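The same chain A turns up in both complexes below, where it pairs with chain B and then with chain C.
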Partner chain A sequence: MAAFVLRRLANHLVLAVLGVSLAYLLAAAALDPRAAYEDRTPRPPEAVVDARLTALNLNDRTPLADRYRIWAGDVLRGDFGRTWDGEPVNAELGRRLGVSLRLVLPGAVLGCAGGLLLGAWAAVRRGRTADRLVTFGACLLPAVPVFVLAVLLQMLASRANDALGVRVFVWVGESTPGAPGGVAGLADRARHLLLPTVTIALAQLGVYCRYQRGLMLDVLHADFVRTARARGLRRRSALLRHGLRTALVPMTTYLSYASGLLVLGAVFTEEIFGRHGMGEWLAGSVARGDVNAVAAIGCVAVCGVLLAGLVADVLHGALDPRVRGAA
Partner chain B sequence: MTRISGAALLGVGLLTGTGCSGSAPESTARSSEQLPAFDVNPVPRDRVAEGGTLRWPLPEFPSQWNFNHVNGTTGAVERVVQGVLPHLMRADEKAVPRPVPEYLRSATLRRTGRGQIVTYRLNPRARWSDGRPIGRADFVAQARALSGRDARYEVSTVTGYRRIKSIERGAGEHEVKVTFDGTYADWRGLFSPLYPAAAYSTPREFNGGWRNRMPVTAGPFRVQQIDRTGKTVTLVRDPAWWGPRARLDRIVYRAMDPAATPGAFANGEIDLMDIGLDAGALRRVQSVRGAAVRKAAGPDWRHFTLNAASPVLSDARVRRAVMLGIDRRAIARSDLSGLGVPVRTLGNHFYVATQDGYRDNSGEFGVYDLGRARRLLDEAGWHLRGEYRAKDGRTLALRFVVPSGVPISKREGELARAMLERIGVRVDIVPVPADDVFARYVTPGRFDIVPFSWLGTSYPVSTMKSVFARPDGGRVQQNFSRVGSEAIDTALDGAIAEVDPVKVHALVNAADRLIWRQASVLPLYQRPQLVAARADLANLGACGFFEPDYEDIGFTDAS
Partner chain C sequence: MSVLRVTDLTVRYAPGVRAVQGAGLTVAAGEVLGVVGESGSGKTALALAVMGLLPDDARVTGSVRLRGRELLGRSDAELSRVRGKDLAMVFQDPLSALTPVHTVGDQIAETVRIHARVSRAAARARAVALLDLVGIPGAQRRARAYPHELSGGMRQRVMIAMAIANDPAVVIADEPTAALDATVQAQVLDVLRVAKEATGAAIVLITHDPGVVAGFSDRVMVMHAGRSVESGPVEELLRRPGTPYTNELLRASSPARESPVPPSRPERPAVLDVDGLVRHHALYKGPLRLRQAGSVRAVDGIGFRIREGETLALVGESGSGKTTTLMEILRLSRPQGGRVALFGRDTATLRASDRKALRRDVQVVFQDPFSSLNPRMRVADILAEPLTAHGMPTSRARARVEALVELVGLEPAHARRYPHALSGGQRQRVGIARALALEPRLLLLDEPVAALDVIARAEVLGLLERLRERLGMACLLVTHDIGVVRRLADQVAVMYAGRLVEIGPADGVCGDPAHPYTRALLDAVPLADPCLEQRRPRVFLRGDPPDPASPPAGCRFRSRCPRYAMLTAAEGVLCEEDDPESRPVRPGEGAGHSVACHHPLAEGESAP
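On to the complex of A and B.
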């Protein structure tokens, strides 16, 4: 297993270097940080803008190859440069990544677990009312855009607050500014997390549910489940130990890649709930022409996808012994 | 989702967001013909409750708190530093700057041979939070840093400060005499905000000393915390403030996407929000209990810029015909539908209707007159060939560039197409990525008509000069029409050098009439400002040009 993982790692390292370089070159070629200054009235002095852009390695009048060399040299030393307003990208990346992970993780775990279970359950109850209800919900949820879902939930929560006369549901930001620390602070954070978590979980749930139901149906009537039943296992344990495990194998790949990109994909959830995470940063940086920030986010995305691939391989290997032998 | 209806260019005196105070005259507020210059809940200080926290959203989270740095000149920075830094002058609702007595007793102007001397009498009690008095040293450091003479200072603009020759001590310790080497009309805009000498004495301090911190302040509030993860700034009442004690205990600013504000406001997590021209957001906040929508005429104005350098529009007669063929009222009515505000067209390129000096100069050029438009086109040699006009085998077709994803611009394009079709002009709507509108299309001149908004300021002449000055070779600055005349330049230079407001207004209006005649920019309407606020929030709301006294902001119900 170790050799298998090492081989994969070496492959991935080459891919990562290629991916990150492409992300930088694409961002540097396509984005125009100078425009943000030129659109202002009165326009800032040209010498100032040039000096500013050069200091940040963003000057479009420097050849792209030179800019890439400077950037790559810094990145090798672990420094992603500075954002358009002179902030170190590394520090901002750390803050944003923290915000995103705290926002996305609970919802993703909940949505994934819930979706898998619901899907499996619906498959077992195939054709009955329960299955129809789950299927209907699972088709409806992915069809609703996340921002619509979030706004709907906010409206409901607002109604509930009005009806109760107390503000039970709050959602702007991670915590109330000036909130106390300790247990009360944690409770405040949990309260702020409630609505975004439900939003993310619901958005995830439908897709996982549909996949899992389909996969589960395939294995329900497979020979090995029938054999397990014939050996005297009860239906429940035959399904759980033989059916579900086998149906999970293809899901691991999807699951890993989906979560690898989830951190960047929560743009709307972040914006509507007043969080300042990676998704909002990416959208904002592209709009501002902030090349270094976009490249750093690209790097996170590349690492995330490759890491997800690695996790998928390992999980796949753990669940299916044949993969280890073949690799 | 986008907040800027059309691509709004960012200007210096960003007075657009929410937050100004003052007293709107009740009589004008009631007449439905025109929006008031500002709409707040004016309450005398003694009837505003003591205490409370104001939660105020910011459109973005600044990291550079030096307003005069090239990265710091934003509306968000301005909204915060208004409460913590000295502003010698603040504009009233008509955009007339007035001294702020806590900092400035008086400022007098004296003309000398070719220049002018301004004598500032400062409030002797005015002090920085580090104990130093506010005085000449701060003026000297700021004037030197912003003069543009030392290129290491990354300044956002050198307008005005460039003309300062010397700064001396006046009659007393608290008097500062500033000598200019010419006349400069907008001198009242200088030294607001004023930064402490230490912040501007070296380029290093100027460029980096106020990044993520505001080390020294002098206002009714001081900075308690800047949270870079949650993107919040907390101001608390400053006990060392020598003026009237601030009513609020705290102001919490929070950076928030405009998509998040209606929900946050409805749930009582912020106390006011900018509605913009979003009829959907307006409907959503109108149903919120205990909320009030405040409406005023804003400082910004919407317009069509015509490219006079394009082959078809280089003929002034064709430009005039296009302007006559567009029903400005209909476009304004469409843009402002659902907002419940009166529709009025704008007749000036420098002042908006609520501003001191405004005159409607649209005259014969701003009307909707199809007959004259057709005659002008015939005169110019464009004759009807079937549906559209043509000349020398070329069809009269105009590229109307719109940022994609901005419905208001698209609608304007469709209306213009329908209107101009009647005089035989074909309009091709060209949707382009919103971020590329200026960089790839408007600045290089790849358009015939483009709609967007100019942000208004209290000092429109020095800021709008770059829009209407004659292009100098390849340098068009912001003159996207690429046309101008010596007469306009002369009038504008005269206005900038003039210090008597009456004469300034006369010169600016003369320039404005020439711009109407040259038919390069077609003003549509003054953008209204709609702000939703907690109904008991006093002395803050939709403010137009008015700049608020932060110590008077508060709630009428103790909260």
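On to the complex of A and C.
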């Protein structure tokens, strides 16, 4: 297993360098940070703009290759440069990544686990009412855009608050401003997290559920499940012990890659619940022509996807002995 | 005293579809009952009904009594206390019947722990003991292996070990050897016999092959269309069958050649000439898989020649390189080593356009008629595809398709069906018709009947024989089934671990084999006559073929050779050190019968 991971890691390192470089080159070639400065009123003198851009390694009059060399040298030392207004990218990246992860992780885990379980359960009860209800829900949920879902949930929550007369549900920001620290603070944060978590979980759940139901149906009549029952296992334990694990194997790939991209994909959820995370930053940076920030976000995306690939491979290897030697 | 008594059992799927109609059977302790019938006769449905493992939509009526206790109508929970404990089952396909993600030791130990309160360690020890009982060498180590790391025969042994783990009263074995080579089939039946003696269980052996039943069971029941047609003691029933159906089944299982073997005609031009063909697959090792660590020698220097109108059979166990040879010929390009010439043209010199033109003349029929036909295409479209691909206008192709459907003995209405609406035999006819569409001069047949039951097999073999006669094409037949060889082949080439060990005219090789491996292959074929079957001297091959990545030095067959085991140390040295070359069996006669063995069997010598 160690050799397998090592081999994959070496492969992925090459891919990561390529991916990150391409992200930078594309951002540097396509985005126009000069426009952002020139649009200011009063319009700063050309020489000042040039000097400022050069200092930030954003000057489009420097050859792209030179800018890339400077940027790559900095990145190798662990420095992603500065944003267009001169703030260090690293600090902002760290803060925003934290916000995004705290927002997305609970929902993603919940949605994934819930989807897999619901899907497997629906498959076992195929054709019965439970299966029809789950399947209907799993088709409906992915069809509803996330912003509609989020706004719907907010409306329902505010109705509930009104009905109860207490503000049970809160959702703007990460915590109430001026909230105390310690346990009370944590509880406050959890309360704020409730609605966004449900939104993200529901958005994820449908697709996982559909996939897992299909995979589980294939296993339901597999010969080895029948063998397990012939050895004296009840239907339910035969499916749990022998069927589910085999049916999870193909899911690992989809699951990992979907999670790898999740951090950037929560733009709407961040916007609606007033969080300042990675998605919002990416949209803003592209609009401002902030090359260094976009490249840094690109780097996170590339690393996220490749890491997800690695996790997928390891999970696949852990679940299925057949790929361990061969891959 | 019967342990299992089934009376008046009926299995109904959708309304009106009856898989089993009032079948009954009884087995006494320690007795073996063979249940014989073609596919679709309801054998498996009967077995699953007894086990209570039919799908939910099946309706079962009648009575199944195990030691006097009624099993039908019990809940899953109650039945699961019986299944695996008193009533065990060995399934047909050992490739898919074991859970791929658990080790075989864990799966056997699980079977023990479901029914008995024993510690994990004790169950594991029991698993190792069981693996040892079913003849798996290095049981301690193999218990930690995953199913995909074991050969088909080994996996079926694991299935048997699992079935007898809790000393059951009855073991139902559903086609336990249908997916295995004849040599391995003999081994597995032997293991089943050992298991029976170790546990005293009654065995219900379900098979389509009367030959399997003849040497193994005490009584036989013949099933047809969901009913038990007749039953009785094995000798009586197989020697003097009471119904025409049983008679047909028996005739189909021992194929007799309808046309005489034509004498070899060396003056005819060669259609296919293979010389020193090599196909190795490189194996890579190391953390980055950059270091080449040897290679799998799938085909390791073989040569043969097929003349016009002649059929050569390539025979051997699975993994001996037969199909690889066939695929190398089909590739129509330069082989890794050696030379392939078709109709006198070396494939190494062909250009892309030549290759396409040549494909018309070389067509193939694949083994599995279930997966080699596109399920989304109608039969007519499947047959028209090769024609239109080679530029025939659609209108003419349609007429040709009609002729083809008739040629292979299908009804015109079958042309409008999809493959799933055809039986296995009918599907294989479609595969043959597709191969014949372009009127090839050389037909490659890759195990054409291995996936069919005895009756369909006999029909398709008869068809192939007639077609070959009528169309006069040359055939390369790849098979592990000696019965098929006897029926179709003019020449036989026996393959072992990537090499040819014996080659010659069919009657010479089959009638008077010179290589101990050929002898063992012939002996492994079960006969449908119980007296002959039980009396004849047989040589079982032990173990599995050698790892093709590191074949043993000297003779490759040495590790399993019954003759080598009898040699004195001085005589054996040659086998250990020298790779035998192929040489004529009877020098001077020149009939083309040659063998690669240092100690070939003398003429008429049956046992080594």
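Everything below uses one rule, namely that the second predicted complex is superposed on the first by the 324 of 327 C-alpha atoms of A that agree within 3 Å, B and C clash if a C-alpha of one lies under 4 Å from a C-alpha of the other, contacts with A are read in each partner's own complex, and residues count from 1 in each chain.
Heads up, the rule we're going with is that a contact is a pair of C-beta atoms (placed from the backbone, for glycine too) under 8 Å apart; a residue touches a chain by one contact, two chains touch by 3 or more.
As the structure is a computational prediction, the values presented were derived from the model and not from experiment.
Asks: Once both complexes are superposed via chain A, do chain B and chain C end up clashing or fitting?
Replies: They fit side by side.
Asks: Taking the superposition on A as described, I'd like to know which of chain B and chain C A:R69 touches: first, second, both or neither.
Replies: In the superposed model, A:R69 contacts neither chain B nor chain C.
Asks: Touching A:I272 in the superposition: chain B (first), chain C (second), both, neither?
Replies: A:I272 contacts chain B only, not chain C.
Asks: Is A:Q154 in contact with chain B, with chain C, with both, or with neither (first, second, both, neither)?
Replies: first
Asks: Under the stated touch criterion, which partner chain does A:P321 make contact with: chain B (first), chain C (second), both, or neither?
Replies: The second partner, chain C, only.
Asks: Of the partners chain B and chain C, which touch A:A51 in the superposed model: first, second, both, neither?
Replies: A:A51 sits against chain B, while chain C stays out of touch.
Asks: Is the number of chain A residues in contact higher for chain B or for chain C?
Replies: B
Asks: Let me test your reading of the model: by the given contact rule, A:T227 touches which partner, first (chain B), second (chain C), both or neither?
Replies: It touches chain C, and chain B stays clear.
Asks: Of the two partner chains, chain B (first) and chain C (second), which one does A:E38 touch, if any: first, second, both, or neither?
Replies: After superposing on A, A:E38 lies in contact with chain B but is clear of chain C.
Asks: In the combined three-chain arrangement, what's the angle at chain A toward chain B and chain C (CA centres, steps of 10°)?
Replies: So the C-alpha centres give an angle of 150 degrees.
Asks: What does the superposition give for the shortest Cα distance from chain B to chain C, in Å?
Replies: 42
Asks: Quick check: in the complex, which residue numbers of chain A touch chain C?
Replies: Contact set of chain A toward chain C: 3, 6-7, 10, 221-224, 226-235, 241-242, 245-246, 249, 319-322.
Asks: Would you tell me which residues of chain C are touching chain A in their complex?
Replies: Touching chain A: residues 51, 53, 55, 76-77, 80-85, 88-89, 91, 93, 96-103, 110-111, 114-115, 146, 148, 159, 162, 165-166, 287-289 of chain C.
Asks: Once bound in the complex, which stretches of chain B touch chain A?
Replies: The touching residues are 9-12, 60-64, 70-71, 73, 148, 151, 154-159, 207-208, 211-212, 225, 227-232, 234, 250, 252, 254-257, 259-260, 263-264, 266-270, 289, 435, 438-439, 443, 454-455, 462-464, 466-467, 477-478.
Asks: Chain B touches which residues of chain A in the complex?
Replies: Residues of chain A touching chain B: 32, 34-35, 37-45, 47-49, 51-52, 84-87, 92, 95, 98-99, 147, 151, 154-155, 157-158, 161-162, 167, 169-175, 177-178, 268, 271-274, 276, 280, 284, 286-287, 289.
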